[in-house]
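Note sheet for the following structure.
The letters A, B and C name the chains in turn, as written, and every chain counts its residues from 1.
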Amino acid sequence: MLRVENLEAYYRGNRALKSVSLEVRAGEIVCLIGANGAGKTTLLNCISAVHPDWSGIVSFEGRDVSRAASQARVRLGIVQVPENRQLFGPMTVEENLEMGAYLRASRMSAADLKREMEAIYDRFPPLSNRRKQLAGTLSGGEQQMVAIGRGLMANPRLLLLDEPSLGLAPLVVREIFRIIKEFKQEGRTILLVEQNALGALAISDRAYVLETGRLTLCGEASALMQDHRVRSAFLGQQVTG
Amino acid sequence: MAGRFARSNTMLGLAALAAAIVLFPILIPNPYYLNVANIIGLNTIIVVGLNLLIGFAGQISLGHAAFYGLGAYFSGILTVTYQVSPWLAMAIAVAVTAAVALLIGIPTLKLHGHYLVMATLGFNLIVNIVIVQWDQLTGGPSGFPGIPSLSVGQWAFDSDMKMYFLIWSVAFIAILVALNLVASRAGRGLRALHGSEVAAACLGVRIKSYKVKVFILSAVYASLAGSLHAHYLGFISPKTFDVFFSIELVTMVIVGGMGSIWGVLFGTSFLTSLPNVLHFFDEYKDIFYGLIFVLILIFLPEGVVVALRNKVLAKRESRQRRGSEAEAEEAVQPAVAAIEPSHGSGDIGGRTRRLAAEPILGIRDLHMSFGGLTALAKVSFEVPTGSVTALIGPNGAGKTTMINLISGIYRPYGGTIRFRQNQITGLRPYRLAEMGLTRTFQNVQIFDNMTVLENVMVGMHAGTHNEFFRSMFRLPGFKKEEDLIEQKAWEMLTFFSLEDKAHAPAASLSFGQQKRLEMARALVPSPSIVLLDEPVAGLNMTESLAIASLIDRMRSQGVSVLLVEHDMNLVMGVSDRVVVLNYGRKIAEGTPQEVQEDKQVQSAYLGSVA
Amino acid sequence: MAQFIVSGLTTGSIYALIALGFCIIHNATGIVNFTQVDFVSLGGLMMYTFLLGMGLPLVLAFAVAVLVVAGVGALVERFAIRPAKSRAVIILIFITIGVSILMRGTFKILWGKNQMALPHFSSESPLIIFRAAVLPQSLWILSITLIVVILLHLFFTRTRVGKAMRATSFNSRAAALMGVNVNRMIQFSFALSGALGAVAGIIIVPITTLSYDIGVMLGLKGFAAAVLGGYGNSVGAVIGGLTLGVLESLGAGMISSAYKDVIAFTILVAVLFVKPSGILGYGEKERV
């Protein structure tokens, strides 16, 4: 569904991604793990065309979209839920969700919009009685729900999730992972970026490991989970067991 | 040393300027041009001062025409109405303007961005209206006539030619003094605070006091020009000193190039003579003026002179570029050089020494929250003297908050921080730098607007003493300290293998080099402890290894290190002790081995299978 | 007293409209757009041309003048801001100052340097309300300002584009990820500010006079009002505008009308010294 070939990206004049190639097939959850500063977010931003300085080929459902602007990619269904939620803090939950459907709103009836929004509230019950609350005043977990909900409102064909568990308490993290597993059962296609390597691997089909701008490992998630190199990348080399 | 090369370039520039000043009236004796040249000279004096403020300290003022006006009106009124000698009047004008600038500067320079612009603009409007309205004193809108010429004994500066030499002598001295300031400890402090206020403060620059000082200096320049203006033309009117002239002055700074003293000559000459040239276009001249102005800003935003210089430099550099990419990825072997352990006792060193009893840093019950969210909850730990202590934890655990608290950027809501024998809770960063505590930053905060060598020289700010006055006039003692600063900086560059990049702009370094530069800058003042915030994030394996060996060497030189890092290979390889934070709480502490085996730490890092 | 308050509210409304224009562009781009002052002048000048020069009916002339100035605003963004090589705020601000000089030079040629006058929208004989003589034009100004503020509020809270503009100002990266064309939003904001400036110019000119640079002093006061209210805050802009207008009018009446502008700016500078982020500004946490 998504194919990235020889992607190179520059950040403040330095090469942040070095000939990265990966692919995501329809219906798969693929996770991208790696330490801070490895270039995971930059990679997602290149796929969403909001990173200014990159080269390479990005194709989506067989079409080369390398030249397409960010709006066009959203319209095709490549939707990113960014790191740190990035909500519109001073706007209400409802307005945030509406913004998710920005490109579709003009071609949709108000009733359809309303129905889709209700579906989001059904999926995330804690949000349903916070519709008029400002998004910036919600707890971290609720904000992440709004961010994911906002992404869903764009009717994604491929959902890019950037660190959905970042900064959340363990219980909430479990809830977020449960939701991602739900997505998988619904047949959605997801590219997931995570620091929480074991949690992410447990719900993914395949995974890539990114280290300082290069892909160093890839394979079945279950296999990578056993790989000592993954553990050492996160805990240091002397880890035993 | 290549610093001398830059100095000889400056001397050459000054000599050329002096020659141009002398030759101009001989070659072009036309009184009309002489008059334009005089106005350019007056503007040059103001704009040199204003460029120190805008280009070096990064503070924008739309009120400098008011200081110009204060100088002119004080000179005019004192000499005509009160019969004060012109030279004395000039001195009084300067003193009063400086006092006004101090009063305005202290509250105003606390403001940021648009508020600062508005406050200075408001000040200018107020001064202007007062001049217009207070007509018994100022002559009101129709102006103030009859101001005498300046004179020395019987000899009066009563012609365009004589005033030309006076004005341009003052302008020459103004430029010389400004160049002196820029190439000094104080000047580097100013440029550093423009580059990054936080980083400058953490190296010992007294941000607020520096801003106020340079504001006063620029006001004094404007006041002097104002007095000369009054005595030159003999007549002053409020229109000369309105907000639009303030705007024009800032434009001259921008067109010449912010931060370029030589650019000032171009900016003032170009914009002062432009209306005269455009006179030809008659009523269309405003349009052309606006158009030229806009085009320069759109296409040459760094200023004409700086843009030209950069073009030349870029050509030179593109020749050297080839291969530098590969070089950036090469392993970095730290050269052998000595970091002097100034504060720490010399006998601590080596991997197997015993740690001194007294911890260098003691954190007790430190508490901090942002907008109701707790970032740190009563965290306590110690950094043993001479140790490398690592602070680790997943993203959002509160590590950077901790570093910001220790280095004085934030003030804790509760708890204490002890540095050797002293309570340092809530002290300002510059005080901590003076006491021997420095740091690096997670997102490198090098001063983009300075060279590599200058960046490291800013590191010497704490503990050295050349201030504005001594720097501007090169008073005794200046050179000795300046040489010491430069020598120490070179030693540190060598230690970090950056000596061949010394004169390159810091922004041109690779990411790994920038990280090393930041460490060099933090180490050059011989601190007793350095806080390193993620020194290897974003670096490749070889670069990381180089940093690890540098940290090892710092310790062997007696410098204590508090290290925040995600890279566990580095942390486990180099640390004596490890403290683990998670959700703002300390969850483990001990030797690397102990921490790695801790179950809580494993689940915090690797996550858990849900 | 009532007299001063009414006249203060009248000019205060104008400041508020101009301040809103400053805020909208600030929120979209982070800059101060000094061409705002010329949008005010151009509004009055266009009204003069359409109403007196071409003889259009009042309402039509009003509408066309506003649209033209909005178009000019969009052009300023397209040809001066977007192509700029530097994104530094100070450079962009000075570009707007340069464009402002350019625009004033053009106005001077097209409309001349002379003073012009526009007729009041309705009768010129004052009404007596609460023992104050009130010009009908003042009532026009107050009610049009009120309508504009309400429409603006509805635009930003009820319409898709309005919400997208707000979203862009809060987080342009996230807005781009939702498919919002950020450049277009910035252009819209210039057009909208142009329209606001034009309305301010059109409604105030009948009770002042009209000249090619009428907007300069009004515009600077509008800027002051925006700063006073807390730069970028729309509610603050309105409050700042009305406060500045009333205080200035009271000061002029009680102290001296010659020092009217001194009073306005002294208040402003004093407020900034006490509360550096304006009346409703979010205090930027001082860190160093």
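Worth pointing out:
Heads up, the rule we're going with is that contacts are C-beta pairs under 8 Å (C-beta built on N, C-alpha and C of every residue); 3 or more make two chains touch, one makes a residue touch a chain.
As the structure is a computational prediction, the values presented were derived from the model and not from experiment.
The chain pair with the larger count of C-beta pairs in contact, out of A-C and B-C, is B-C. The greatest centre-to-centre distance from chain C, using averaged C-alpha positions, is reached by A. Centre-to-centre separation between chain A and chain C, using Cα means, comes to 42 Å. Between the CA-based centres of chain B and chain C the separation comes to 36 Å, rounded to the whole angstrom.
Of all residues in chain B, none touches two or more other chains.
Residues of chain C touching chain B in their complex: 26, 32, 80, 83-86, 88-91, 93-95, 97-106, 108-109, 220, 223-224, 227, 231, 258-259, 261-262, 265-266, 268-269, 272-273, 276-278, 284, 286-288.
Put simply, chain A touches chain C in their complex at residues 48, 50, 69-71, 74-75, 79-80, 82, 86-91, 95, 98-100, 102-103, 105-106, 150, 154.
Contact residues of chain B toward chain C in the complex are 60, 107-108, 110-115, 117-119, 121-123, 125-126, 129-130, 133, 197-198, 201, 207, 243, 247, 250-251, 254, 258, 283-291, 293-294, 297-302, 409-410, 428-429.
Taken in their complex, chain C has these residues touching chain A: 160, 163-164, 166-167, 170-171, 173-181. Residues 394-396, 507, 510-511, 534, 537-541, 566-569, 571-573, 583, 592-593, 596, 602, 605-610 of chain B are the ones touching chain A in the complex.
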